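The structure appears below as structure tokens.
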Amino acid sequence: MIEFHGVSKRFADGTLAVDDFSLLIPSRKTTVLVGSSGCGKTTLLRMINRMVDPTSGYVDIDGDGIAAMPPVSLRRSIGYVMQNSGLLPHRKVIDNVATVPLLTGVPKKEAHARALELLDTVGLDRSLADRYPSQLSGGQQQRVGVARGLAVNPNILLMDEPFGAVDPIVRADLQHELIRLQRDLDKTVVFVTHDIDEAFLLGDQVVILQVGAHIEQQGAPSDILANPANEFVADFVGSARGKRRLMVDETADSRGDDLVLIDGAGYPAGVVDAPGGVLPGAGSSPKSRSISNKTDQAGDA
Amino acid sequence: MLFLEALAFIVDPANLLGEKGILPRLVDHLLYTGLSLGVALLIGIPVGLIIGHTGKGKNLVIALTGSFRALPTFGLLLFIILFTGLGLWPLVFVLAVLAIPPIIAGAYSGLDSVNRETIDSARAIGMTEWQILGKVEIPLALPLILGGIRSATLQIIATATIAGYVGLTGLGRFLIEGLAYHDYTIAFAGAILVAALALAADGLLALVQKLVVPPGVSRGSARTTHRSRWNFRPAVSTGTHITGG
Amino acid sequence: MQWLWENRDLVFGLSLEHVRLSVIPIIGGFIACIPLGWLANRFRMTRAIQLTIFGILFTIPSLALFVTLPSVLGTKILNPINVVVALTIYAIAIMVRGAADAFASVPRDVIESANAVGFSSASRFWTVEFPLAGPVLLANLRVVSVTTVSLLSVGALVGNGALGYLFINGYQRDFPTEIMIGIVFTLVIAVVFDQILVLIGRILMPWARRPRRSPRALMVRGAA
Amino acid sequence: MPQHMKRRIIAGIAALGLTASLAACASGDPLGGNGSADLGSLTIGSQGFAESDILAQLYGQALAAKGYKIDYAPSIGSRETFIPALQDGSIDLIPDYAGNLLYGADPKATATSTVDVMAALPAVLEPLGLVVSDAAQAEDSDALVVTKEFAAANKLESIGDLKPIAKDITIGANTEFEGRSYGRSGLEKIYGVTGWKFKAIDDYGGPGTLSDLLKGNIQVADIYTTTPSIKQNDLVVLKDPLNMIAAQNVVPLFNKDSYSVAIANVVNQVSNRLTTAELMDLNEISAGDSKPSPEKVAKDWLTKMGLL
């Protein structure tokens, strides 16, 4: 459990990146901080491993104030994955993965054996172990990055836009890989992104931020989609523009128990099983029922 | 032909040993070069690494080293000798002054060239500042650091010839003797010897550069290596402002 | 100070001579490097050859060149042209690599778009490549300028050192002040030259006023 | 093509005029004081030490006062360099020293006295295309010098006394000393002083040589007899009873093509007034606290002598 207590950060140049921010990040869940660039989300993430110290307020991990913890050992106990992987270009893949264990004095043989296992875990072939990062594709580099983040088997995994720089197909791959990993590993994941789709896909809890790390809304994806707290959120998640809102196509012929769904632009988006032509758990009108991507995905996860 | 006569002088065994032979003078030349380079490295590398790592004091050091570069070595040497008398240390001092700017520039720009994200991620996974410097920044900056050292070495070797003018020896003696006796053959032979020594040292350092650069970054370094020899730009460009003030 | 005032004619004269003897190598080196740098950038082979030749020339001590050039050029011993030629060789040796880099720094797509809009290759060179290579050329020229001004004083050993005369004369008369004045005036000339070059750069390349801006930024302004 | 034409063309082509700026300084002097017509121009060289600079200025200013256009080429270096410079027309005139000039041109020469040396010179210089005008009384010869303490400890009076300790001494001098008649060969053949080490210090017996001598890095130094530091530091000049070092009267050395009786007359006026004592005075003024330029030292002296 990670807790932010009235945290603010003013940088040396005077910008107030984070303004009185409080949040509880539950253990063994994925919390996604989402917002456009400059909203302070990365600063928040970096406060958790003391890459940034707050100007005021404090951060606790499992009830202990991290301000008293030595930054280096704190960082070593927390996994960190960043955009462009941040791998050391002059070290082989296996040494990159084993960096932190080697730093903490784990014997080389042991560290390497563990690193190879981690390559399996993130779905990389062991034959890549002796390559240099520059010899890998972007997607492979990110997987190595994740493997390195997991190397010390941390309870907390911080991910700073880890999939921001790869192409959409690879990104989708990596996202599903992460969902699978999280199911197996059960870490406390704090994930930063500016991509609301990614946030809804990955987050158990999504926190939508505005400049100064002001929380516009936080909650489960389905809640946010169903009840945007304000116009900003509605606009941000796209529901106001109808982009993400699916409706029953009432003009289509009913085909038994299936209803045809159309998106905001009126294009068919799929069919839904609706015994008797009524959506399960639907309220008064099926037309007003929003169906988020998230519920869809959660179904097959 | 002069060049052939000079070559004949060099290969003549009679000119190899003895008080005024090529070998003892070569050894002295290497001694001056080694000492000066050592002093320059002792000062230049830490300074370059510190400003490269912290980014602090950058402008000041760059300005200082830039004005060092405009200092006429010859004048500085004679100036110092008037106070100290003849000796090895005045020479070593001025040659080190000559060599420090490219060494600092190489170390500084080497660290500066390391991707900020790589350093950031190293810090984020829990490396101490020293570990970041030792395990990330220096290995990645090595091509440029060595480039600076290469450049410094060449300058020292060529300039150490002035030792011959101030009571020391070294290969510069052939030039001074050639000048004093108006003997172009000896002067030319001296020029060839110094150039050969410089090229040999340069080749050796190039080889070292190749060997120490990890394969993972060798592709990028091929280009930076070339540039580094001439990488005086920042030092000069801002350097002269201070001397102007 | 007293000495400087009493000998102002001498110091002024030597400074003037220093300026004269170092201006020619600086300009000559620059002019020579334009075609050399362009060639080196255009044809890989010539680049390697040039870099090797000038790499070797650069390793020859200045004193050696000063002493031996008359025999190579057939010039008179005391002819200042010996020192000028030697310094020009150094200027080229320093600049040639930088000039190749400078032309290499011109983005390919700019050249191609210049071709596409119908520049002849000569006009493309003078209106596109040369100006865009300008900032890097200038940076190299500033190194050459400082180096030339400082190296010239060694010429005093062969009777053509301009301010270097004060070094030898001050040394032999056990008079540090004279040497210091020589050093200071050498530095002053180096600084003045450098500032003049900066100024020229500002006037001729207004788009590059912030030093070391990204080539992309240059490209946009330069192509426009 | 006449020398001066060639010179002018080269100067024109190069547009560099090494000396033009110096000439500009010199033009502050009473050039053409008697308003006479342009008598042609001369470039006067000097060797790499202060006394030579002063002598060049003495002759140059005297000539300028008579309407010659004078350029200076200071600090050319050793005889091995300035002789070719005279021959190729880079310079027209340079002050030299008779004995060294003779032995430099003819290593087999035997003359030692001023009269003999001056008598022998023309024949030796003729094939080189060089001539001299009258020698001055002033002498400034190379001298082997030791500290007072070293002389006392080793009972040194003359050069020959070095013989027993030769293997333990280092002689410091300019590079060319070793090859001179009064260098290694002279010391060995004439005085039997063999086995000494040589340290080249190219400052013509200047501060580097002096400090090395005082520190004991060298035991014997080649310092010129008119150098003030000999008196200032109580140095002992070793006697030369066998006349290894020939008479070293100051003598103006010309390129034959540049020489004319008219010029020689002007130059001789200066030489005739120049005694060893005067020369030492000039050196002391030059090395004195105000370190005046050679130009000023020469001008004051010429004014004092009524030669301007």
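Letters are used for the chains, namely A, B, C and D, taken in the order the chains are written, and counting of residues starts over at 1 for each.
Throughout what follows, a residue touches a chain if its C-beta (ideal position, glycine included) is under 8 Å from a C-beta of that chain, and two chains touch if they have at least 3 such contacts.
In UniProt terms, the chains line up like this: A = ABC-type quaternary amine transporter; C = ABC transporter permease subunit; D = ABC transporter substrate-binding protein.
For clarity, every value in this text was computed on a predicted model and none was experimentally measured.
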Graph separation of subunit A and subunit C (steps between touching chains): 2
Centre-most chain [mean C-alpha coordinates]: B
Chain pair with the most C-beta contacts: B-C
Centroid comparison with subunit B (C-alpha atoms), farthest chain: A
Averaged-CA centre spacing for the pair subunit D and subunit C, given as whole angstrom: 37
Interchain centroid distance [CA atoms averaged], subunit A/subunit B, Å: 51
Euclidean distance of C-alpha centroids - subunit B vs subunit C, Å: 20
Interchain centroid distance [CA atoms averaged], subunit B/subunit D, Å: 39
Residue list for subunit B, restricted to those that touch at least two other chains: 81-82, 165, 179
Set of subunit A residues in contact with two or more other chains: none
Junction residues of subunit D - those touching two or more other chains: 77, 81, 84, 207-208
Chain-chain contacts as defined at top: A-B, B-C, B-D, C-D
Touch list for subunit A against partner subunit B, complex: 46, 49, 51, 72-77, 80, 82-92, 99-100, 103, 132-134, 148-149, 158
Complex interface listing, subunit C residues touching subunit D: 2-3, 6-7, 9-10, 12-14, 16-17, 20-21, 24, 76-81, 84, 156-161, 165, 168-169, 171-175, 177-178
For the subunit B and subunit D complex, residues of the former touching the latter: 19, 81-82, 85-86, 164-167, 173, 176-177, 179-183
In the complex, subunit D residues that touch subunit B: 77-78, 80-81, 83-84, 172, 174-176, 179, 197-202, 207-208, 211-212, 215, 217
Partner subunit C, residues of subunit D touching it in the complex: 10, 14, 16-18, 20-22, 24-25, 28, 45, 48-50, 53, 73-77, 81, 84-85, 88-91, 203-204, 206-208, 210, 286-287, 290-293, 295-296
